[in-house]
Amino acid sequence: MPTLAHYLYVSGALFSIGLLGVLLRRNILIIFMGLELMLNAANLSLVAFSRFHPGLDGLPGYNAQVLVFFIITVAAAEVAVGLAIIVALFRAKQTVHVEDLDTLKF
Amino acid sequence: MSLALFWIFAILTLLFAVGVVVFRSPVSSAMSLVMSFVGLAALFVTLDAFFIAVVQVLVYAGAVMVLFLFIIMLLDLRTEERRPVKLAAWAGGGIVLAGFLVAIARVISSLPGATNTKPEILPGLNDVAQVGVALFRNFNLPFQIIGVLLLVATIGVVVLSRRELK
Amino acid sequence: MTPSFPIEFCVLFLGVVLLLADAFFPDMDKRKLAHIALVWLGGFLVATFFLRPALLWASPAGFYLADPLGIFFKQFALVATMLTLVLAIEYAPVVERAIPGSKPGAGLGEFFILPVFTCAGLMWMASAADFIMIFCALELVTISFYIQVAYLRKCPASLEAGTKFLILGALSTGFLVYGITWIYGLSGQTGLSAIAGAFAGIPAIPQSSQTALLFGLGLVLVALGFKVAAAPFQFWVPDVYHGAPTPVTAFLSVGSKAAGFVVLMRVLGPFLTVPEIETRVITVLQVLAGITLIYGNLAAMPQTNLKRLLGYSSIAHAGYLLMGVASVGSPLAGRAIVFYLVGYLLMTFLAFLILIPVAKAAGGDDIAHFNGLGRRSPGLALAMLLAMLSLAGLPFTVGFLGKFFIFEAAMQEQQYFLVAIGVVTVACGFYYYLKVVRAMYWQPVPVDAAPVEFSPLGRFAAAFLAALILIVGIFPKPILDILP
Amino acid sequence: MNTLIAPWIILFTPLAAAAVILFVGRHSKPLSAGLAIGSAAVGCLLSWWLFLQPDPEEVLRFPWIAIGDSWLQMNLSIPIGVTVDHLSKLMLVVVTTIATLVFTYSIGYMKTEEGYWRYFAGLSLFLFSMLGIVLADNFVMMFIFWELVGLSSYILIGHYFRKDSAADACKQAFIVNRVGDFGFLLGILFLWAATGTLMFGDLTSGKGIALFAANPIYLTVACLLIFCGTVGKSAQMPLHVWLPNSMEGPTPVSSLLHAATMVAAGVYLLARIFPILEAAPHALDVIAWIGGITCFAAALMATQQNDIKRILAYSTISQLGYMVLGMASASSADVSMFHLFTHAFFKCLLFLCAGSVIVGMHHEQDIWKMGALKNKMPVTFLIMCIGGLALSGCPFFSGYYSKDLIIAWAVVKYPLLGWLSVATAGLTAFYTVRLLTVVFLGKPRGDQAKHAVESPLVMLVPLACLALPSFIAGYPFIEKLFFHVEEPTAVPHLLHPVLLFLFAVGVVSAFLLYRNAEKDPIFIPLFANRLYIDNLYDWLVKNIQGRGAAVLSWADRWIVDLFIVQIPSKIVWGSGFVLRFFQIGNIQAYAFFFGLGVIGLVHFLIFR
Amino acid sequence: MTQVSPLLFLILVPLVASAFIFVGSSARRTALIASLVNLVFVLALFAVFQTGDASYQFVSSTPVIPSLGIALTLGADGLSLIMLLLTALVTVAAVAVARTPDKNAGWFYASLLFISAGGLGAFASIDLFFFYMFHELALIPTFLLIGIWGSGDRQAAAWKATIYLALGSFVLLLGLIGLYLIQPEGSRTFDLRSVISMAGLGVLGDGTWVYLLLLLGFGILVSLFPFHTWAPQAYASAPPPAAMLHAGVLKKFGLYGLIRIASPILPEAVTQFANLLLILLVGNLLYVGYVTISQRKLDWMLGYSSVMHMGYIFLGFAALNVFSITGASLLLFAHGLSIAALFALSGELRERTGTLDLAEFGGLAKPMPFFGLLFGFASFAAIGLPGFVGFPGELLVFFGAFAGGEPLMDSVNGVEIFALNNFQIATVCAVWGVVISAIYMLRAYRRIFFGPVSDRWKGLPEISGVPRVAIVTLLVVMLVTGFFPNLLIRLLASTSLWL
């Protein structure tokens, strides 16, 4: 049987991979994907915690699942806004690469 | 048995997650992301969180992914992914990754009860109903706030991507 | 006396009504929307004084906390929003220029309406006492800010700022939820009072679970640090402040920061009851405060662009506020932080309010564009002088009292190292704020200086803010009395 | 008129005169002169009157500074009060009399000079200050007037302020005096710290001296510090350099201040504290040595000077050295005071004569440009001879009595110094006769000498008035009137013959050497250059003080300022400049720093 | 206490006057009238003042932050009254000698009035918080005055002085907070009288570090060696009225504060760190003194000399007895007047000649005899000549300092020795400082006014009119108080008795 630690390790790995994606990829879309991975890693941990630590009533912690639900929603909204910005950006600068966004600095 | 399933889905998830990061083509990355999320949904199922698993597939595979692909196609980003990843980025990423992984590993290894297996819970549970109760009774206010959030996001998307008429 | 929860919905409702009005009356002068919003928000502000502090909507118990602190920050958010709208009205020509539309004023409507929704989010944040609630309200605020920062969609700087804010903001959101996850994993709770209760039952939390708890708390701190612009999570600040439309910059730097500090104080509450965790957290806060102070103040010194300078100054002020948070053991600290935020609101908005017409007249927002303002437009220069002096912390202004309270709390908590850093950085602060004063008064008037136009509403607001800076700076008693 | 009020009138009349001249004097020359002379004359008359009165039982005192703290038992009361005793009355008489004469003489001397009112205001201020010193009944009051004397001397030496030499001289005089006052003030502090009083009366009474007996080293140091004041004001070595330079002032000033009265203030100070000095024998030794060496060295320098006033100036230093030596060796202060008394008259006379010569020579002061003036200025010549003989110790002239008395005491107490002073007596005769010979005998050495004219009556009358006391002031009947001196016992029998012999040698050799000399037949650079002491000071001021100060100034800007201000501020600014480069503009760099921050925070928070 | 202190009026007059100036009334006239009104008012206060009464008079108190014990408490005792007189006098003189600038005349006079108001407020405050606040009121006017109307390297000077002073005053603020925090909880206050009475009861905590903060903070403000480098530069660059007000009045704030706060409240700490302070103040006296000697420009020289003179006052403070404190207080007054007169004269000189380089001058007493006379008076006042009030001040400081410290040791093991304690050694240095000051002052005087006059300066106009009256007034006040120092000492005696 998988233990809590299994899930947490997978979650941690997923989070780290997402972070790596943010750090390495220069296409803003892919960076978003990395961010989605990070959020989902948190979701996995949340669900795992809720399943492994049932409440006094013997049920999994549904509060956590509500949070997961919210996170998914927020993530979707974030992606929508993000993609809208990317579209506007592409129209204005013909690029979606982060290294081209360096007029504001120092 | 369940351990095997866990590993299958976990590896699926992680492998495709890596794929998101390493594939050169945005489309490949997007498709990997979908696969990773499907794997994740399966992991949710192993945790008896059916509702979340379904939402995961619906929202991500159904909505978000389409959005991603749509934008990729719209902007025709295929040709752009030819710039090599810089050494500095690799090094930086590596450092952060290593540091973070070490931290997570140390935290998890010190977590009490981390090696417990899944405790028994009440059988025959209606997962959706429980989430619904929590969502609409207990967490009504945050739920409404999320609604506002979506409204704001909608306004934002409209404002930002509106084409002005000549 | 009325219960408090409807107030956010009132604001929300106002937003929706305005949205509908914007949609159904396309030929209306959009500034009217802002005026209507101003009037109504003012009305709500008055209404908040009749709110009864109470725990409401408490099922499960206590994720909406209408305590005096919460109510005060609702008022704070309302004032900040109103001022933002004043700024936005002043800024409207720039928006119109940046978003060419079929009709004059296209795209202005949402520019005035979004702050109203943000206001609702800020007000919810002020009352949030549950991680889920915090997350939702915070994200509402954040996402609306993403849009506002990137609002000038024809302006590359605004889009660049929006993108940077979005990516880094989402990154911090990732850390926030991961942190919440771990706190939940250890306590099984998301409500702050419930978490506190969970700790209260256990005489001493075992070392092993402390680790995970601290991990979660640390990640939450990272996210909140991002919100309040604490180093080393401040990197977005100068760029975003620089690129964003000026009213949004002001709103961001005041509203978002204040909400961040309220949440930070609320979140820290339950954890500081555990002595071992407290010492570690306080140490981390000290380090953060120290780095933030140094980074914000030092890096501000070579700046030449005023908006960017104010961005760095925002980091610097976050440092002083964090100094207050790190001294939270002192009974003076809470009030010091709140007072500081009040002062910060007054002086920051005043600075940005003056910046807008001057930048409009001079065609840029560099410090050099203020050259000779003292003779070109003495009134504006005087107000700006006051804002800068207050930001620098000169006596008889509210900024001084804020610093005084913070330092007093820090001294009481014997944070000598932080205090020492604070003193040096105050001197740095004098340097860069006085750069603006120098430009206004020492430098000659540029030959091609255009007259500075400033609307009556803006003048009134500026005079009001300037007067408040002085009055509160000399007689803070009324404000201190209404502070929680 | 009573003895309570009289001293105050004497003291403040000149100040009032000075104030009035300051405000209205510029409009009227006669008014300036009249006020000044009138105030001096009033002082003179009252002083003589006072001198003839018995010492008053009590005097008036006004509090100047009074701080009392009974709880801490710390009290400081500094009054402005007067001492009216034999010593001060004597000094009053000398000062006011000579002042009156010199003031009168000035009318003639200054007739054609600019700054007439300034001159008389300065003189009146000087008279006020000098009388203050004389009358002071405590150390602080004396110090106050001591400083004011320095100020008035500064003003008067700098009368011809447009001449660089005069401007430098007055500055030097003030500063050198301040150096002396440095010690004086410290001495006052020492005495006060030890005894808790500043009043002369308390200090010199048996009670005050008894306090010192407990700590003789302390007393010695205190006395020596106070003696520093004398060294400065009375131009003793090594602070004598200002006096010759002060000859840049108008000649009456040199006569009054720098010969007769002001420089005597140092000696007067010693006389005031004589009872204390007696309790500090080691201090007396030092004082004696300084006096003796000054006396001899100044005489040596005088032999080689060419400026008529400078010769007299060095002679003044030398004579002051006698007085200081006398203070150290005699059994009572009156011995030196006696010499002070006679010296005041004849030295004043000599200077006034020199002034007369200078006026006659149209402001030529080099004796080698003069010659054969006895024909042109016979009165001056005659009177100056009286002064010269008195100075050189010619028997039956006043100087003979007073100087020989000091020498006698010195030989008894400090034989080495005593014989040095004996030699000095010979030198004195030599340079005096050299002066008289070169100026008045021989042939005229220049056009000015040929066309010299006798001075007007307003100048000659004071000369005549002074000539009399210069001649007779040393006679025992006058001595008995003013002083109570006694001869030392066991004076070597050889002393008086030797003195007479040396006098004769000096007179004859000088007369022979210089009778027909066109230029100085002897040239001893060491003496002509004043033992190079001035050069040493110049070098010290220029190289040690000047360069040192320049180095410090440089250090202030480039080290103190650099380390306290510049470097820290540059470091701060530079760090800011560097720090902002973290703000590189690249999102991924930000994300990387963000990540580093997270890792750092987490590790710091948890695993520390 | 509900009645309004007349002192509030004193502070408000300049502020209201500057408001009038902003509204548009004639700048110079308004400023002059306001400062004269204040002077008359201060003199009236002198007349009403009860000399024998040791407590504060004209007291009024308005709570501002009651929870922290902060109230706008105004009041004056002898020392404050003297400082108020100094401020009022120097303000009148500064406004009188000011030349109305071409640009921004309103700001110019308003800045002067603000500095004056700051000084008056600080000296009239019993509440330490407002004491501090009022002092800071002068910071920005100084910045503007030097920066806009200064001369030479004005920008650098303005920056340096402002940042330096800001830093110093913040350190000072920490010291005051510290003073607040060492009070027993529950009765904490910023009211000086209460703190002193607490100190008398011995209920204060360890004040050592508080004293060090105060010393550092005040020290920077007063240009204690080695934190003095801002001062000469700032004074050299400042327009004369600003230099007069700053050097004459504001710089006294620091020492006034030390005398007011540290000596009655933290005497142990003062004693404990006396040696440190002695070393620093000897640095002020000798090191800065010699630096002053080598200055080649009059304004720099005056700037350094004002730094140097602070050494005497520090000595008076450090010795901590009734004589020395009284002397230090007198010196505060004396130096304020003399340096103001000197800066006024040097400003007039620059106005006439366009330079202050000593090497370029010579013989100016010929074209301007009265100017030379005034300058001479002021110089001699500055070097402590008897007759001017500086002399009794210095004298008392020397007496007090010489009596300070441990008593002398007469003998060790029966062998007589001669030894001085540290205070006495410092006093010796201080007395030597009198010589140094004579050297540089007379040197400058000789260079400027004596010697042959060059054609360049032949036609210089004599000083006349309002500036002449103002400077003469300053000198007359110095003379009168110098002749009758007991006038001031009687006022001070009650103040110093707190020790």
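In this document, chain identifiers A, B, C, D and E correspond to the written order of the chains, with residue numbering beginning at 1 in each.
By our rule, a contact is a pair of C-beta atoms (placed from the backbone, for glycine too) under 8 Å apart; a residue touches a chain by one contact, two chains touch by 3 or more.
On a predicted model such as this, the values are computed, not experimentally measured, just so you know.
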item	value
Chain nearest the overall C-alpha centroid of the shown protein atoms	E
Chain separated most widely from subunit A, comparing mean CA positions	D
Reference subunit B; chain at largest CA-centroid distance	D
Best-connected chain pair, where connection means C-beta pairs in contact	A-B
Cα-centroid distance, subunit D relative to subunit E, in whole angstrom	35
Inter-chain centre distance, subunit A versus subunit C - centres from mean C-alpha coordinates, in Å	26
Distance from subunit E to subunit B - Cα centre to Cα centre, in angstrom	70
Separation of subunit A from subunit B, taking each centre as the mean of its C-alpha atoms, in whole Å	6
Residues of subunit D touching at least two other chains	580, 583, 585, 587-589, 591-592, 595-596, 598, 602, 606
Residues of subunit A engaged with two or more neighbouring chains	15, 18-19, 22-24, 26, 31-32, 43, 50, 53, 63, 66, 70, 74, 77-78, 81, 85-86, 88, 98, 101, 103-105
Touching two or more other chains - residue numbers and ranges from subunit B	89, 92-93, 96, 100, 103, 106-108, 111, 138-139, 142, 146, 149, 153, 156, 160
Every chain pair meeting the contact rule	A-B, A-C, A-D, B-C, B-D, C-D, C-E, D-E
Of all residues in subunit E, those that touch subunit C in their complex	22, 63-68, 103-104, 107, 132-134, 136-137, 139-140, 143-144, 147-148, 155, 159, 162-163, 166-167, 170-171, 173-174, 177-178, 180-181
Residues of subunit B that touch subunit C when the two form their complex	103, 106-108, 110-112, 137-139, 141-142, 145-146, 148-149, 151-153, 155-156, 158-160, 162, 164-166
Partner subunit B, residues of subunit A touching it in the complex	1-10, 12-21, 23-27, 29-30, 32-34, 36-37, 40, 43-44, 47-48, 50-54, 58-60, 62-63, 65-66, 68-70, 72-81, 83-88, 90, 96-97
Interface residues, subunit C side, partner subunit E - complex	374-375, 378, 385, 389, 392-396, 400, 404, 407-408, 411-412, 419, 423-424, 426-427, 430-431, 434, 437-438, 441-442, 474-477, 480
Complex contacts: residues of subunit B adjacent to subunit A	2-3, 6-7, 10, 13-14, 17-18, 20-21, 26, 29-30, 33, 36-37, 40, 43-44, 46-49, 51-52, 55-56, 59-60, 63-64, 67-68, 71-72, 74-75, 77, 80-81, 83, 85, 89-90, 92-93, 96-97, 100-101, 104-105, 108-109, 111, 113-122, 125, 130-131, 133-135, 138-139, 142-143, 146, 149-150, 153-154, 156-157, 160-161
